[in-house]
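The chains carry the letters A, B, C and D, assigned in the order they are written, with residues numbered from 1 in each.
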Amino acid sequence: MIRSKDDGLRDTALSDKELNRALASTWSAQPGLWGALSTVDHKVIGRRYIATAFVFLALGGVLSLLMRLQLSQPEARFIGPDRYNQIFTMHGSNMMFLFAVPVMQAMAVYLVPLMVGTRNIAFPRLNAFSYWIYVAGGLLLWTAFIVDTGPDVGWFAYVPLSGPQYGVGKRADIWAQMITFTEVSALAIAVEIVVTVFKQRGPGMSLDRIPLFVWSMLVTSFLIILAMPAIMIASTSLILDRLVGTHFFNPAEGGDVLLWQHLFWFFGHPEVYIIFLPAVGMVSTIVATFTRRPVFGYLAMVMALVATGVLAFGLWVHHMFVAGLPRLGESFFTASSMAIAVPAGLQIFCWLATIWAGKPIFKTPFLFVIGFIVIFVIGGLTGVMVASVPFDTQVHDTYFVVAHFHYVLVGGAVFPLLGAIYYWFPKLTGKMMSETLGRWVFGLIFVGFNLTFFPMHILGLQGMPRRIYTYQPEMPWAGLNMFISLSAIVLAAGFLLFFVDAIRSARSGAVASANPWGASTLEWATASPPQPYNFARPPVVGSREPLWAEATALPVAAGLRVDRRELLITGVVEGIPEARESSVGNSIWPLWAALATTLTLVWSIFSPWAVVWGSIPVAVSLIGWFWPKGVLEDES
Amino acid sequence: MRAARVIALWVATTACGCSGNQSALAPSGAPALHIEHLIIGIVALCAVIWLAVMVVLAGALWRKPQEDDAEIRQRRLTVVVTAAVAATAILIAGMTVASFYTTRSIGLPERASITITVRAQQWWWQVFYASSGQTSGFQTANEIHTPVGQDVHVRLESADVIHSFWIPSLAGKQDLVPGRSNSLLLRAEKPGVYRGQCAEFCGLQHSHMAVMVIAEAPADYARWIASQSADAIPTTGADVAAGRAAFLAKPCAACHTIRGTAANGTTGPDLTHVGSRQTIAAGLVETTRGSMAAWIADPQTLKPGNNMPMVPLTSIELQDISAYMESLK
Amino acid sequence: MKREMSYSNGAFAAAAIALGIASGALGWLGESRELRLDPPVASDLDGFRLMPNGISGTPPESYFALGKPYETDAYNLSQGKRLYAWFGCSACHGDGRGGAGPSFLDGWWLYGPEIVSIVASVRDGRPHGMPAFRDRMTTEQIWQLAGYVQTIGAYKPKVAAPSRNDDKQTRPAENRGPAKILFDQGPAGVHPDQGPSP
Amino acid sequence: MKENIVLDLTELPAHALGTASPSWWGTLAFMLIEGTGFALSIVIYLYLMSLAPRWPLGTLPPDLFAGSALTALLLASLVPNILVARWAREQDLRKVRLGLVVMAVLGIVPLILRGFEFPAMHIKWDQNAYGSIVWVMLGLHTTHILTDVIETLVLACLMFSRHGDTPRRFGDVGDNAMYWNFVVATWLPMYACLYWIPRL
């Protein structure tokens, strides 16, 4: 091993005050617009990501209110079928690809580096690129929708309806290309998280001391890495079928329409766990903090996460139980789909045991966790129901399924997420959210959610299919639909109040201390909000709950350079320091690369030649991105 | 339990049928009855599980903290959690087995004596009855007749995109997939009109793609087969004759067939006995002379995006054609 | 906190710029669908003027007011493609390369490539075997079909041109400019059903 | 929170090498993503084959020459590639420069051979589903060769510039060599699938 001479300024040579000043000048972004566009600080990008994802949540919520308006009466004529089909497709695509997955990854982008005690995420420029490409995908989808070219084929875009013959115009292409944008950004973050967790943990943070949220994001990232290539291949095949006349999904020329469903759900089912597992991590974190004790069964919890991740790839056929596949194969998927209830149940029992043993503190984040358990257990149990083939033949593609996946996704992911926002808001902004408003928000959302979605189970069993823009007066569904539409207003009021609280608190909330909840994980060891360099010195970890173990002083390591961006590389298993490593500085090139990629992808909706010509600006921007600029970070 | 009770309440209030049952909770066919038993069993069991979890949650939240020995508590919790996981696994296995036996009891469609082919199109159902004995084969639309108490094999095909054939009161759903052929077993246990509708999103008018299954006594069924396989009945009355002439002269005949006349279009439903069907336009409206006229006059307002064009007709022509359609019993 | 604000301002500015660019790029792409043609508009469309020799002419004003939907709108073109199959056009014109009737792909329009000429051909028929569809199709359908027929033979594929059907393939679909591909390959290409590599 | 210094990092190297380096792990993660993509393309190939009445659909099995020559060439390129990786570990600038030039050439020649593979399939992408999947598989792999060639060329330029002689650059060369091994390794199952399965 070659020790090159490096005589940079070390933190050992500085007083605390000087150290902070030196680190600030090394790690800060430039001021102004240019700085905002070129920053690679994971906290800035993470916050931006979270805010953007919540904007998409609000937009998707408006769409759902439009749907509820149209469905409030039979044969209503507020919205025609053409627009309604766009609206429900947009709602699903927006919530899955622009809100749920990105917001979970965004939380990880912000929190994981802090929780493992490092100074920036691995590959910070890729992180910036991923945000820009995500925004571009979102803008593409929403702009198309505004000009009446929104996709109208459902969020899983089954061929042949989305195919070249029946997916008329550019609407389905917009959907397919939006997939490419969001998957590129999701894959990029997954790689960053994996490498950050593997190589940048604080010294002493062995695998069995990793916080559960970080574990959940690690498993999620692997799910993304293994699942998203399937949807990339599927959407590319779809675009090729539509644009240059390939025959992947054309039965007349040897293709197959069910191939799409296999590819889509091979991604689509793990997608549910990609959304749900981060939420599990959030719940574990919140439960531990508000019961003042470590989550019961750490090892069991980690094993449950991994088991869920593995099983997630063995369930996809349960979305295709009525497509006409062989019955025997379907029975296998019934068993595997039911089996995933075991790790899910295990986690629920561990949380219950933690609460049982502890003394709960009923703050808003914890209220959301209680709501999560109440609602998610229903969603999980209806999941067991739809895993049964005969049961599913009656409820598949009905409002029962609509109710089921909202119980799972809203109950299982959005409730923990809202709790997580209340919980980490002080870290994100340095301000506390309002406890009073928080209770109202929780109450309205909890009541509104159940009143809105529980009756949908009944509608489904009464024969109401999903994705219908209207229904006839002679069907016995009108009363419940009106009830649901009115309840949706309550739910929407809850979310509105949440946004009001968040914006108001960010401006003028009570100032938060470094660790307002008395939590145990490392993100609370630094200021709220943290300095650009996160930690003046990397914390040394000696236990699973470092801040509870060390009540007086934080053990830290010293010896990193402060005149360049430097962080600590540790071993994968034990977290033993291996090297100091530079972390790249701010750069505008990720933005250029994202713009070049956007140009290529949008152009390729119209012409296959876009891939050829578009690759030139992409290559140029990537070379600009990686070309050494002769700064201290290039040294070794 | 809450769920079960609420559902039971709703069954009680709604199952007493409006225009044909369309509910998984009001089964009248053998497969649907088997599935209903499974549904009720699983829902009841799950409701109990949910209640149990809620009781534990409430207990955990409002329990008075006790200063017991941490180690003993830990061991006790471990035992309880392990037992709960084991119970979960056992319940899951039980439900899997129950599900498997229900699948088996539904039976194989291929053994049925009667075979009907349903070919779904955007946004209506084309139905083929094969020739048998004395009667020749024929096609109809959006309405299937079956004899009570007999297994009927429905062959499911699609002409364009994926649709899903679903008569909740008779059986679970099955997709109609282009390039593939699927099968479904129907067996109505008592006479009645069973409504169903497309359950796989298929485009603009997915909402208005209903199908009626009319189960009747075998004798009635045989009579129906005989009348349907015959050509259209001869016209009687001046307005009907004028309507027939207008129908043949106007674009109508380019898309619709009326057996026994020159109208032999194939893109729209066969209208040979349209007057005998309970509804028109795939369950959109009941068959009356007035609804017929409204539909022909402006199909794009009633069912926007469907493939029936608005044919310019004088009001006399419209009345005559409606009268003719109604007469096609 | 000052700096934080400038970040979010920057993000908003960037978002606004990007939104502007995106809307500009997509604005012309609007795909609003008119599912129901008003009867007065339909009868107005029927009243186009044709040159005395039956070749070329002017569509009515209302057609331009609608934005030439039957030539540029993806939904109408795809409806036209359905009608081409449903009304048996392929019996004489094949996949567009002709048969008993003339080809649409050889760059030669007997009555000119204007849409009114094609509408007139479909509606009123032409000598040597082209039947009149006046009594078998509505005005809207005739215009939809005419727009599609014009698209088959376009040398530069229209942005809104239909893609391939889920059928046996006999030639590249309209969105790939089959007329140009087949012309480039000459009358007897080795694989007349193939286009050049993308 | 007060800090309590318990660990001294001053003696640590200033750059993580080999498997310690984040970029090595990042490369591995991207290989996992792309490997999944390749595997799925083979799955689609086999799936379509299982549905087809005969295979290859509507044409003859592909001609072996171009694909086999390319396979042989890719396998041969592993030798200089592994040498480059070793020289990069030894931080031997002169040999690494030479090796990168050789590897650039060994990247460009397969691209030329690939140009003959497409016609050797006897089918175009728009003829049937068999044509579609073989073109996509070939295309997918071609983009990987192409991107690695470009990366090799850029690295070669870097190594001839003043930025060349640092452990960080040598680490990049090592990662690039690993990626080339991946490109070759993924080709082998694809080669077997494209050229030999139709002959079974």
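The definition used in the following text is that a contact is a pair of C-beta atoms (placed from the backbone, for glycine too) under 8 Å apart; a residue touches a chain by one contact, two chains touch by 3 or more.
Predicted model only: the values in this text are computed from it and were never measured.
When every chain is reduced to the mean of its CA atoms, the largest separation from subunit B belongs to D.
Counting C-beta pairs in contact, the pair that comes out ahead of the other among A-B and B-C is A-B.
Averaging C-alpha coordinates per chain places the centre of subunit B 37 Å away from that of subunit C. Between subunit B and subunit D the centroid-to-centroid distance comes to 53 Å (mean Cα coordinates, whole Å). Measuring from the averaged C-alpha position of subunit A to that of subunit D gives a distance of 30 Å.
Touching two or more other chains at once are residues 178, 204, 304-305 of subunit B. Contacts with at least two other chains are made by residues 80, 82, 160, 165, 241, 244-245, 247, 250-253, 256 of subunit A.
Residues of subunit D in contact with at least two other chains: 126-128. The touch graph of the protein chains shown belongs to none of the named shapes.
Listed in rising order, the residues of subunit C touching subunit A in the complex are 1, 3-4, 6-11, 13-15, 18-19, 22-23, 25-27, 29-33, 35, 74-75, 78, 159-160, 162-169, 172-173, 175-176, 195, 198. Put simply, subunit A touches subunit C in their complex at residues 28-29, 31-33, 35-37, 39, 44, 48, 51, 80, 82, 135-136, 139-140, 143-144, 146-149, 160, 163-165, 168-171, 241-245, 247, 249-253, 430, 529, 602, 606, 608-609. Against subunit D, the residues of subunit C that register as touching in their complex are 164, 169, 172, 191, 193-195, 197. Per the touch definition, subunit D reaches subunit C in the complex via residues 118, 124, 126-128.
The residues of subunit A lying in touch with subunit B in their complex are 80-82, 85, 153-154, 158, 160-161, 165-166, 251-252, 256-258, 296-297, 300, 322-324, 327, 330-331, 334-335, 338-339, 341-342, 345-346, 348-350, 352-353, 355-357, 359-360, 370, 373-374, 377-378, 381-382, 384-385, 387-398, 457-458, 461-463, 465-472, 474-476.
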